[in-house]
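Which chain is which? They are A, B, C and D, in the order written, and residues in each are numbered from 1.
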Amino acid sequence: MCTAATYQTKDFYFGRTLDYEFSYGDQIAITPRNYPFSFRHAGEMNTHYAIIGMAHVAGNYPLYYDAINEKGVGMAGLNFVGNAAYADVTSDRDNIAQFEFIPWILSQCATLSEVRTLLERMALVATPFNEQFPLAQLHWIISDKTGSITVESMADGLHIYENPVGVLTNNPPFPQQMFQLNNFMHLSPKQPVNTFSDDLALTAYSRGMGALGLPGDLSSASRFVRVAFTKMNAFSGDSEKESVSQFFHILGSVDQQRGCCEVADGKYEITLYTSCCNVTKGIYYYTTYENHQISAVDMHRENLDGGALICYPVIQGEQINYQN
Amino acid sequence: MCTAATYQTKDFYFGRTLDYEFSYGDQIAITPRNYPFSFRHAGEMNTHYAIIGMAHVAGNYPLYYDAINEKGVGMAGLNFVGNAAYADVTSDRDNIAQFEFIPWILSQCATLSEVRTLLERMALVATPFNEQFPLAQLHWIISDKTGSITVESMADGLHIYENPVGVLTNNPPFPQQMFQLNNFMHLSPKQPVNTFSDDLALTAYSRGMGALGLPGDLSSASRFVRVAFTKMNAFSGDSEKESVSQFFHILGSVDQQRGCCEVADGKYEITLYTSCCNVTKGIYYYTTYENHQISAVDMHRENLDGGALICYPVIQGEQINYQN
Amino acid sequence: MCTAATYQTKDFYFGRTLDYEFSYGDQIAITPRNYPFSFRHAGEMNTHYAIIGMAHVAGNYPLYYDAINEKGVGMAGLNFVGNAAYADVTSDRDNIAQFEFIPWILSQCATLSEVRTLLERMALVATPFNEQFPLAQLHWIISDKTGSITVESMADGLHIYENPVGVLTNNPPFPQQMFQLNNFMHLSPKQPVNTFSDDLALTAYSRGMGALGLPGDLSSASRFVRVAFTKMNAFSGDSEKESVSQFFHILGSVDQQRGCCEVADGKYEITLYTSCCNVTKGIYYYTTYENHQISAVDMHRENLDGGALICYPVIQGEQINYQN
Amino acid sequence: MCTAATYQTKDFYFGRTLDYEFSYGDQIAITPRNYPFSFRHAGEMNTHYAIIGMAHVAGNYPLYYDAINEKGVGMAGLNFVGNAAYADVTSDRDNIAQFEFIPWILSQCATLSEVRTLLERMALVATPFNEQFPLAQLHWIISDKTGSITVESMADGLHIYENPVGVLTNNPPFPQQMFQLNNFMHLSPKQPVNTFSDDLALTAYSRGMGALGLPGDLSSASRFVRVAFTKMNAFSGDSEKESVSQFFHILGSVDQQRGCCEVADGKYEITLYTSCCNVTKGIYYYTTYENHQISAVDMHRENLDGGALICYPVIQGEQINYQN
């Protein structure tokens, strides 16, 4: 399905994998400050913060999978199939269609604190984008350099959870994912110590035995634990290249290899793309399954005061550096 | 430590990760056909098959970590600490110093069958390269498109094992690694079926649950199982780019992220480089920890009839493709 | 902590382990039909169904850990530390003190259906038994031959869950315990089939490999999975002795051996006693940690129309059958 | 299959489970000192140490599954299917038929040291008991209060291993079983400490979480780890009853419940019996699947100077202590 994570060095980084068996056709889309948003139940918004992210652009509208704004807030929607449930439109709330959620937040909020305030009066409603697009069942991670929250709209209402680990995958609901980490609290990047028995000469016969018990499969619960362990213990230099490189290694720990997750006969879910946003600087880095090289689009190299979407294609196919 | 794997599409691919806390300084080294090898106990060899691989070049000698020859044989040495033991020189064997093993095999053998024959009269002896280089404790995987073998020189002699899975990591010895796969025979890329109880409505709440139980840590035994599962179930197109891309995804399943394997206070083992050789075509592809882009050196773009090593530097640092 | 389970052959069986580091002093206590119950907030009850179970008897009051009534309902309270929270007394509910819950249910309900009805208007309140007895943090399983429910009083109210597996341990809350079973749906009493790879000759080298992955530790989540697997796959003859014997084997799968769960220096939690009630016939069977022989008290061998508690001591110490 | 273990308090205890889908018909058999042993290839022995153990008695011959002698040596044979291989008769060895191995050792050896000496010149040969009894594929644990050894006769010869953990199950061979314990060295009876991340408030939500990762299934490799952990951490008083009780709890950790190990349609392997010998005092305690009460036969209550086997039946069926 998908995995999102944050990472802090000198700058703040936010990104995700998008795992699926096919792509809807994506672009790196920059929404400049004067692109007019027309919310279905919440009116018009003609000026706002600029946004960059990965989107399926339909009818000139950026259906973002994940994005950041120029102020330092990142947000991603991840599959939450079987658990997501959206509200009906009511008069006493900001009624935001599920597909508008990322624009709604990123266009207005400069900090996670402002996000929390905005969410207090918001309802996520089931208004679809159009008839061709089924309503995606999603939940979201929203982050800035001070922390992360998770938003889950379920049958029993809208839940907003503090997300101290700064990662998100898919099912089960976030509180259960966090709770499961307790079962792995003994994992460590250091070698294990023999507490089995003082009377047996047990030894670490390999490096890396401190995390024995870490799950290695591709289910959402296992990816949550694995990426949490990797991210919480990750260590890198704080230069831009070192930070970005390390971020892709963190999400690489939950890469879905073609063949390992068969969703129908001969159809395989893979990590279609992996993104890493420098939230501080407004740069969108990404790789795709078929292109290990990191590509980048920098929002600040564009005129952010425009009114039209600026789109860059996703570079596909291995870009190999032939040395001879 | 390290992981090696093979992969077959239209061509045959062979590669490995090299995991350690620092690099000795490596180059992609091509040994042309007329580079003179002077074996310590086995005489001179002035013409031989050309070889390309990753090496630490010391005193003009290619100390290969992994390499292939122009005939289609690949070979890699991986750490085998605590188990490797080398023989004394005896008169009735080909006495090959441990550091000469890769050149000895790749310079002479066009097929795995020829390798097997050569090994019958060979002893791996403890002669060091020089006083500065401690004797590495290694075992080896040798492969061509027909299969793989593993060679382990231990206190009880030289062991040559068929390697039906075509992967190798480190400890414990290879027969135990293979045996452990039996404990994971129920893993599958397909979703699990409820065999726990007909009377309980258990469900797969996430994709990818068929491999629940696959280990996710970085120990050598866990990497063996994980890369074996990934490789045996890997599926890709058979073009060069698709094959190479998929190969890096396979070895990516055992990538060692900086921070997750602490070998001393603040010192971390990481995947220094990952290689993928097109054994059929003689092309050496690689990535490094700090450079996700795939680089390549093609042996057939050089004059292979020369007598001097041809070396290319390892490209370090992220090579980012800025789209704007 | 504790584990409860049900089992159905010709008769219906219900029982539990009680795990702790010391005993409060227990007796098998029969509450006959005319023993007067004086509920703290729910009035007097002078005639009711007869009850048998394990209790700490304090001031002539049976503080039951687990019990059954003469009509075929069984009920047990198990530790739920950190999650249990009781309500304040309110005027619109049956306010039942936590320690009165088992008598309240078993004295009035002949079926699980009647239990459900009674629970609709009940609140579990925090009134303590007396000053010496701290309020136990518990949750409950209530069962008859048609099924089981779990009752959890938490900060967000009283939860009543269908319990299709008919087992209960401790933390986390019941819905999470049930959910975790999904992660084990592939376990089986049958040998595993090789789905890892068609190209590897993997084999089952031992009997019993179909349940590889079943947790073996003593934590409450692991005991839940283990006893669920054991109970759902248990098979026995349906005679009284075979049924009772099998029941003790089921709960034996979560026996806590002294030494394996150290709760303070040199203090170990053990399975103080294990009970197995023939709910159909009103017989209370049990073993203790130090007495493997099954002892039994039959409520129908007493005058159930009396007004005074009938208590039998717990037989302690191994009762060994010396054959010579 | 089977599990054997030792336990030391004031006295030395040795016992095993025998797991199978049916019984051959067993008795507690005492071989007195003057019972004549006629070894197939090793001559007559008319006086020897007295032996007590569980045996199938065929033609007045005690085919022991497990036994102890009056001097303090215990020995048990456990299934080793697919790995056991016996030698041909040769002139330079003590040729002992596999079925004679327990009598051969226990009749002559007063200590484990004497056992080691005797094994130096012994070969285990494939001579069958008779045509009806197929050659059992076994390996053995031999113990006295100073330690244990494991004996495995395989295609590559007779192996004698020190057994520091004092337990044995079945496949794979003993060195692999011991090696696997390294993977569990971090298990502990104490609660885990959070080493996952200093920045996450992970907690132990249940007692007994220190052994998370301990396998709970019935395969021989999992039983080895589980019983090793239980035995090495077991703690009890040192009186006879407390020691015996604790020993049955240790082996209870690997009890095979009917239904959890299906060996053919509707056929289940169960723990047919569990034994616990006080090796110091010559008392054979046991339980059976259908009888939880401990029964006992004391060799020293018999005339050990006799020449005829003394047999006691295995008490079957629950011996319930009805208190009313």
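Note that a contact is a pair of C-beta atoms (placed from the backbone, for glycine too) under 8 Å apart; a residue touches a chain by one contact, two chains touch by 3 or more.
Composition by chain, UniProt nomenclature: A, B, C, D = choloylglycine hydrolase.
Because the structure is a prediction, the values reported are computed rather than measured.
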Exercise. For the pairs B-C and B-D, output the one whose chains share more C-beta pairs in contact.
Key: B-C
Practice problem: Please flag the chain sitting at the greatest distance from chain B (choloylglycine hydrolase), going by CA centroids. | Solution: C
Quiz prompt | chain B (choloylglycine hydrolase) and chain D (choloylglycine hydrolase): spacing of chain centres that average the CA atoms, whole Å | solution = 44
Practice problem: State, to the nearest whole Å, the distance from the C-alpha centre of chain C (choloylglycine hydrolase) to the C-alpha centre of chain D (choloylglycine hydrolase). | Solution: 34
Practice problem: Can you check how far apart chain B (choloylglycine hydrolase) and chain C (choloylglycine hydrolase) are, centre to centre, with Cα atoms defining each centre and the answer in Å? | Solution: 55
Self-check item: Residues of chain B (choloylglycine hydrolase) touching at least two other chains
Solution: 172, 179, 183, 187, 190, 205, 209-210, 212-213, 221, 229, 233
Quiz prompt | Residues on chain C (choloylglycine hydrolase) engaged by chain A (choloylglycine hydrolase) in the complex (per definition of touch) | solution = 172, 176, 179, 183, 221
Quiz item: What part of chain D (choloylglycine hydrolase) is in contact with chain A (choloylglycine hydrolase) in the complex they form?
Solution: 164-165, 179, 181-188, 190, 192-197, 199-205, 209-210, 212-213, 228-229, 232-233
Exercise. State the interface residues of chain B (choloylglycine hydrolase) toward chain A (choloylglycine hydrolase) in the complex, per the touch definition above.
Key: 1, 28, 82, 170-172, 187, 189-190, 205-222, 225-226, 229-230, 233-236, 241-242, 244-246, 248-250, 252-253, 255-263, 268-269, 285, 287, 289-298, 301-302, 312, 315, 317-324
